[in-house]
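Reviewing the structure listed below.
In order of appearance the chains are A, B, C, D and E, and numbering begins at 1 in each one.
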Amino acid sequence: MSTSNIVLNVNGIEVIYNHVILVLKGVSLQVPEGSIVAILGGNGAGKTTTLRAVSNLLKGERGAVTKGSIELRGERIENLSPADLVQRGVVQVMEGRHCFAHLTIEENLLTGAYTRRNKAEIAANLDKVYAYFPRLKQRRTSQAAYTSGGEQQMCAIGRALMANPSMVLLDEPSMGLAPQIVEEVFEIVKDLNARERVTFLLAEQNTSMALRYSTYGYIMESGRVVMDGPAAELATNEDVKEFYLGVGGGERKSFRDVKSYKRRKRWLA
Amino acid sequence: MAFFLETLLGGLMAGMLYSLVALGFVLIFKASGVFNFAQGAMVLFAALAMARLSEWIPQLTGLQNKVAADLLAFVLAGALMFVVAWLVEWLVLRHLVNQEGATLLMATLGIAYFLEGLGQTLFGSSIYKIDIGMPKDPVFVLDKVFPGGILINKEDLYAALIAAVLVVLLSLFFQKTGTGRALRAVADDHQAAQSIGIPLGRIWVIVWCVAGVVALVAGMIWGSKLGVQFSLATVALRALPVVILGGLTSVPGAILGGLIIGVGEKLSEVYIGPMVGGGIEIWFAYVLALGVLLIRPQGLFGEKIIDRV
Amino acid sequence: QAKEQFFPLLSYRTGPYAPNGTPWANGKQDYLKMINARDGGVNGVKLTFEECETGYATDRGVECYERLKSRPGVALFDPQATGITFALTEKVPTDKIPLITLGYGLSVSQDGQAFKWNFPLMGSYWTGADILIQHIAKKEGGFDKLKGKKIALVYHDSPFGKEPIPLLQERAKMHGFNLELIPVTAPGVEQKAAWLQVRQMRPDYVLLWGWGVMNSTALKEAQATGYPREKMYGVWWSGAEPDVKDVGEGAKGYNALALNTSGQQPKVIQDILKYVHGKGQGTGPRDEVGTVLYTRGVIIQMLGVEAVRRAQERFGKGKVMTGEQVRWGLENLALDQKRLDALGFAGVMRPLSTSCSDHMGSTWARVQTWDGSKWVFSSDFIQADEQIIKPMVKAGAEKYLADKKMARRTAADCQS
Amino acid sequence: MGDAATMDTAPPGAAPAGRRLGPVILEVKDISLAFGGVKALTDISFDVREHEIRAIIGPNGAGKSSMLNCINGVYQPQQGSISLRGRTFRHMNSRQVAEMGVARTFQNLALFKGMSVLDNIMTGRNLKIKSNLLLQALRIGPAQREEIEQREFVEHIIDFLEIQAHRKTPVGQLSYGLQKRVDLGRALAMEPQVLLLDEPMAGMNVEEKQDMCRFILDVNDEFGTTVVLIEHDMGVVMDISDRVVVLDYGRKIGDGTPADVRANEDVIRAYLGTSH
Amino acid sequence: MLYRENGQFKTSYRSDQQIFPIAQDRVFIALLLVVAFVVVPGMASDYMFRAILIPFLIMALAALGVNILVGYCGQISLGSGAFMAVGAYGAFNFFVRVPGMPLVLALILGGLCATAFGILFGLPSLRVKGLYLAVATLAAQFFSDWMFLRIKWLTNDSPSGSVSVNSLQVFGVSIDSAIGKYWFCLVLLAVIALLAKNLVRGAIGREWMAIRDMDVAAAVIGIRPMYAKLSAFAVSSFIIGVAGALWAFVYLGSWEPAAFSVELSFRLLFMVIIGGLGSIMGAFFGAAFIVVLPIALNQFLPQLARLVNADIGTAGIAHAELMIFGGLIVWFLIVEPHGLAKLWSTGKQKLRLWPFPH
């Protein structure tokens, strides 16, 4: 990677929750302009925390970046507010949906365009989101709380797109979505990336998908980056294959045949 | 019959006055999901400012025209409420993003104490007068139909009008503008709102400021009725069943709730009270609100309480 | 060790009753300052004081009491609130500190043989109510004219407001007038229903038993419902400047009981202006000096100081008195007109003398009327009817003693 | 906890049962559910047999979660009936359902946020606790014993889910995936006969999913727990379920063995798409 | 380095389920009890007892009760003052009407009256939630204010509604002295706190918390919302009722209905929020904060003013007190939104890691 076109540069950050719980222990990563970068890792590895640190949503969780630096296009952003970041084109899709429960789906989407003024563009964008997720159009007048889990997830993704971002932080976008929608979401990512040069940083559990669509990957374990490399390389790495793709040692094993569940291997103990 | 009508009217107008205070609660609740305990203190603070400024301005500037002085005092008091709103955001709310309702509630309570102390320090704790030229004496209408006529209080009538205008304006603001939508979003989920670029700080300043102005109007009207002093803050307690009955999130609800509570408590006090020794209106208001809640747990116009799994 | 007699001052300068509490508290403080400045204390004993803010809340009041009661040379307590009075009544006998409740508190505590430590000086709500009824009767042309009349009591819904009811009921029975009770929920900011009821009943007179914001609100509502203010009679806690000032013209004609005069003419007030305010040591603003409640504060404090003086006469001049000794002083006050004149209270109040059986000392008051800008007296001093009140006090006191399983004080105890 | 020796890797309790399917334990008949104009479910019928792993699949908003909510008594369907272990109900009552041995996990986390992991899972055992308020207050005799028994049981679950380190952490502070595990733990703590799982593996990576599958198969094997599973990962569904119901827009469009369903045209069109 | 749990292996669940699993905590609590029972009585002045310690103990007890309802079961209550009043007047009636009624029994009966009242006004909680429920409880508050003023029988026919008790005895021993009252309150508080702690860490406590956090999910795992909510109302109002009776009998001695006004209800709610919702410890911190701080400020501010030679007068002090008090509330919340109890435990956690920052 050349350093010139790096949009996001996370440099050795340490994150502490509640003044005492140290969660990230020096995480560094770079996201080049126009790329799709994936963060992979097991539950509790710190993926979400990393994304929150970038989008500055840590404060609401009583977390703080205590060491290291985060730069967006060369500008230090640790002290900006999340709203400032959205102004600079960085939008996060939060894990676990977080739709505005009392607003309808359409209101949710329109709220996503809060930072924009041009009515025509917003309307066009809304149509685009509805085109991506036809299901949302059907449910546009329901209050978000009363839509299904997958519908909420689509709503959250669509809402972020309404801000017309230049960089999107996606936290587990595939969660709760039906397979073909998952596929579609990644196609949308690819599409936006290719056509509008939107940069993506995504945290995913669906490793095979993530590696298929991303350009570069970081693997995290208990608050550290333990491995990184171009997506294609990672996809062929034996360990990754075994633990993240479930195809260790040749063919995909049936879930029925995996034997014991006490065989976890970690890069770092 | 005449007396019944009188009581009814009296109740309606008292209700409108409650609504004015209730509006302040609704605004802030709608915009941040916080039940603002400081509303009563804000009413007091605003009224104190208004009362003392309208007294000081002629003294300091030699302004003789009373209307001009009052107007200036109103504007200055409004500006003061803006400063309060800004300080509240800057010193309190921004540090409590994404915290639970109870925490925020408590914080507004801290604000309430602070404002009560500050208000009395700056403006004194005696009884002060706001005289915006409201007519005090009663008028009697329909004296052809009923012996003695029906008593109407002009002051209350004006107050009710002002309240109605405020409500219409605020309803429009909430229903029709993007900011209104953003406010509701903030109330639902601070973090998600932040994540899509809604500047919580600015939103809160706006809302607290609007609530401050509503408090100022309420304080002015109540103040001209009661005189301005500490007890004004307790008016909030009478407005509480109104908010709850109307629904915490509904501006029109605050009005309708006010009318129902106003009428209910006056009728009960006048007709049931004497049978049980009187003094029942306040608990009756609460029981009335409770009765409605049992049928509609979110109040008449409140947003449905969502519980989903 | 300087000789100092300590006066704890419970007061409320914040909260709903602050507008009334403040001038009252200022008067109490200024009098002590004045005595020190003018006379150097009482026979050389300096008077010291400390204020403690109760906010009219009982628990804060108790805290203040506990804090200040063990100061050296503590003379007496004046709780300034009915609720605090109740709580302290239980505590003072053990601590042996007298409690003065001028014009408020428990009406039955007039009976000093039952309530050894309570001094409801100058009047209780029973005497107040009685005087009002007498005054009304006189206006109507005799007690027999009261028959069939309607008198409404609009009262603060608390023990304070309820105290006069038994007496009024007694009087109603005697003279055949109808007593209507209209409670107002504290603090009294919302009275529309009450006044609608008044309008419906059309009573001949309204007695107002309010405090703080309730008074001015009542007057405003009376105006708004067109009830004639001339027919309204307040107790002495409903007849001060803060109650009528911001109602202005609307309160014209309203009457209230007065225990004392107001104004800056009396000598004692002049002395305060000279010795205290003149030296820039006034507690409150200068133009508040001599207002109704301020003057009442001055009187309270004067009675306290005189009790100390009286006690010194018996237990040793120039000594610091204990609470018990001050209690004796309070029980043996004898302030005749001459003495009052000498103290600078000429015309301010009626003479007063207490005894073991009578802790009130005086049951006189008169009626004043607001003329739109100031209070003017509209009756002579009227004395409450002992015939009616005595038996009630006695009965109440007996019940109290029985409940507490205590015995009436003996004659010997009265001597000590 | 130092005392690992006494803890096995799988929950004790019910006696092992065979893999063979038993009689119908849960039967859903003609269920229809609508919210205003939205028809979440239309005339759905299917049955679940004892010891079976029954999957429910379908596109987003098909009505899968709503179906579970009907079984749990969270929603009251407008039409139809549900039979559970031989008893037929028009409307289900949550408490009764729980008492009859049905446990459930939730799609959107429904944990008790303010409570620790341990306490969350312990609530799953509450139905087992018999001592009254007074005994609990005094914490003597049976109350104390019971509490310890339940604790032991819960520790096995914690061990299994590998959340020992978080035992005393408030669940609100856990990562999403860990919270899902706790949710499962809470359901397991009820020692259910029927376990309703709503997307238990969302937010897990393959390795974790494998563990989860292993576990579901184990409880199913060893204790004969019947499992109703909603899952979007077709790999999982096809591998471990015995029969699959497919919903689409509130209607049932397929029902049968994984192989049947995979071949069903409607299902392919509505849900599976071509890539799977 | 002193505060470590390293090396304290628990070999049974019983030991892990103790109230204080860490040895240092146990020592600390034992010391605290010794101090409270023995050392304090030896050192405190009469003023300390009567004006600070006794009200603190009683308010802590009341806050404990409120915390069960609000903090553990999540039912916002603004009617605690009413429950205290019912406890006080209930106990009073038993005490004066039944000859020879022992004090402790009267207190318990008063508590039971409050329980009944609490359950009655808790019934709406089956349908009404959150802030809306506050209305139901406020209805209780204003109704009780009215009831004790208006129904003469309840106040033993005292014309003004004020009543009094005196010469209190426990098992034949007079507790009129400050120390006696202190010990009496302390014992009651300690016992009730222990029982309450047992409840909240037991099955019923988990039910309460489950209802608080997510009632639908709680119902699905078999918790009956009705039982959980009403039992919380019952237990909580019992404790609050006993506290109310103590407040009346022991602290005030003579009281009127206004002693249990809505302000008291608010204060109790503040105590539990400031102290920490859902924490027994929090009730103590909260009570200390709300009871002691204003008194401390009230005494400290004049001295401070004198120091800088400013005479701000009692009014100024009272206002400054309000401002500082409000400011401190906000400040504490910013430092730790979950209350002083959480601050305390975070502090302990830091201590555990010390000297390393994390």
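Following the convention adopted for this analysis, a contact is a pair of C-beta atoms (placed from the backbone, for glycine too) under 8 Å apart; a residue touches a chain by one contact, two chains touch by 3 or more.
Chain-to-protein mapping (UniProt): A, D = ABC transporter ATP-binding protein; B, E = Branched-chain amino acid ABC transporter permease.
Since this is a predicted model, take the numbers as computed values, not measurements.
K.L.:
Show me the overlap between the contact partners of chain A and those of chain B.
P.N.:
D, E
K.L.:
If I rank A-E and C-E by number of C-beta contact pairs, which comes first?
P.N.:
When the contacts at A-E and C-E are counted, C-E has more.
K.L.:
Taking each chain's centre as the mean of its C-alpha atoms, which one lies nearest the mean of all protein C-alpha atoms here?
P.N.:
Closest to the centre of all protein C-alpha atoms: chain E.
K.L.:
Take the average of all CA coordinates in chain C, do the same for chain D, and state the distance between these two points in whole angstrom.
P.N.:
Measuring from centre to centre gives 73 Å for this pair.
K.L.:
Report, in whole Å, the distance between the mean C-alpha point of chain B and the mean C-alpha point of chain E.
P.N.:
So the centroids are 32 Å from each other.
K.L.:
Roughly how many whole angstrom separate the Cα centroids of chain B and chain D?
P.N.:
49
K.L.:
With chain centres defined as C-alpha means, what is the inter-centre distance between chain B and chain C in Å?
P.N.:
So the centroids are 37 Å from each other.
K.L.:
Residues of chain D that contact two or more other chains, please.
P.N.:
Answer for chain D, listing residues that touch two or more other chains: 74, 106, 108, 110.
K.L.:
Please set out, as single numbers or ranges, the residues of chain E touching at least two other chains.
P.N.:
Within chain E, the residues that touch at least two other chains are 146, 149, 214, 216-217, 220, 315, 319, 321-322, 337.
K.L.:
Counting only residues that touch at least two other chains, what does the list for chain B look like?
P.N.:
120, 125, 277, 279, 282, 308-309
K.L.:
According to the definition already given, which pairs of chains are in contact?
P.N.:
Going through each pair of chains, those in contact are A-B, A-D, A-E, B-C, B-D, B-E, C-E, D-E.
K.L.:
Help me check something: in the complex, which residues belonging to chain E touch chain A?
P.N.:
337, 346, 349-350, 353, 358
K.L.:
How about chain A: which of its residues touch chain E in the complex?
P.N.:
Going by the criterion above, the answer is residues 16, 18-22, 62.
K.L.:
Tell me, which parts of chain B touch chain C in their complex?
P.N.:
These residues of chain B touch chain C: 3, 6-7, 10-11, 14, 120, 125-129, 136-138, 151, 153, 155-156, 225-227, 229-232, 234-235, 238, 265-266, 269-270, 273-274, 277-279, 281-282.
K.L.:
Which chain D residues qualify as touching chain B in the complex?
P.N.:
69, 74, 106, 108, 110
K.L.:
Using the touch rule from the top, collect the residues of chain E that touch chain C in their complex.
P.N.:
For this pair, the touching residues of chain E are 45-47, 50-52, 55, 96, 146, 149, 156, 159-162, 164, 166-167, 176, 251-259, 263, 294-295, 298-299, 313-315, 317-319, 321-322.
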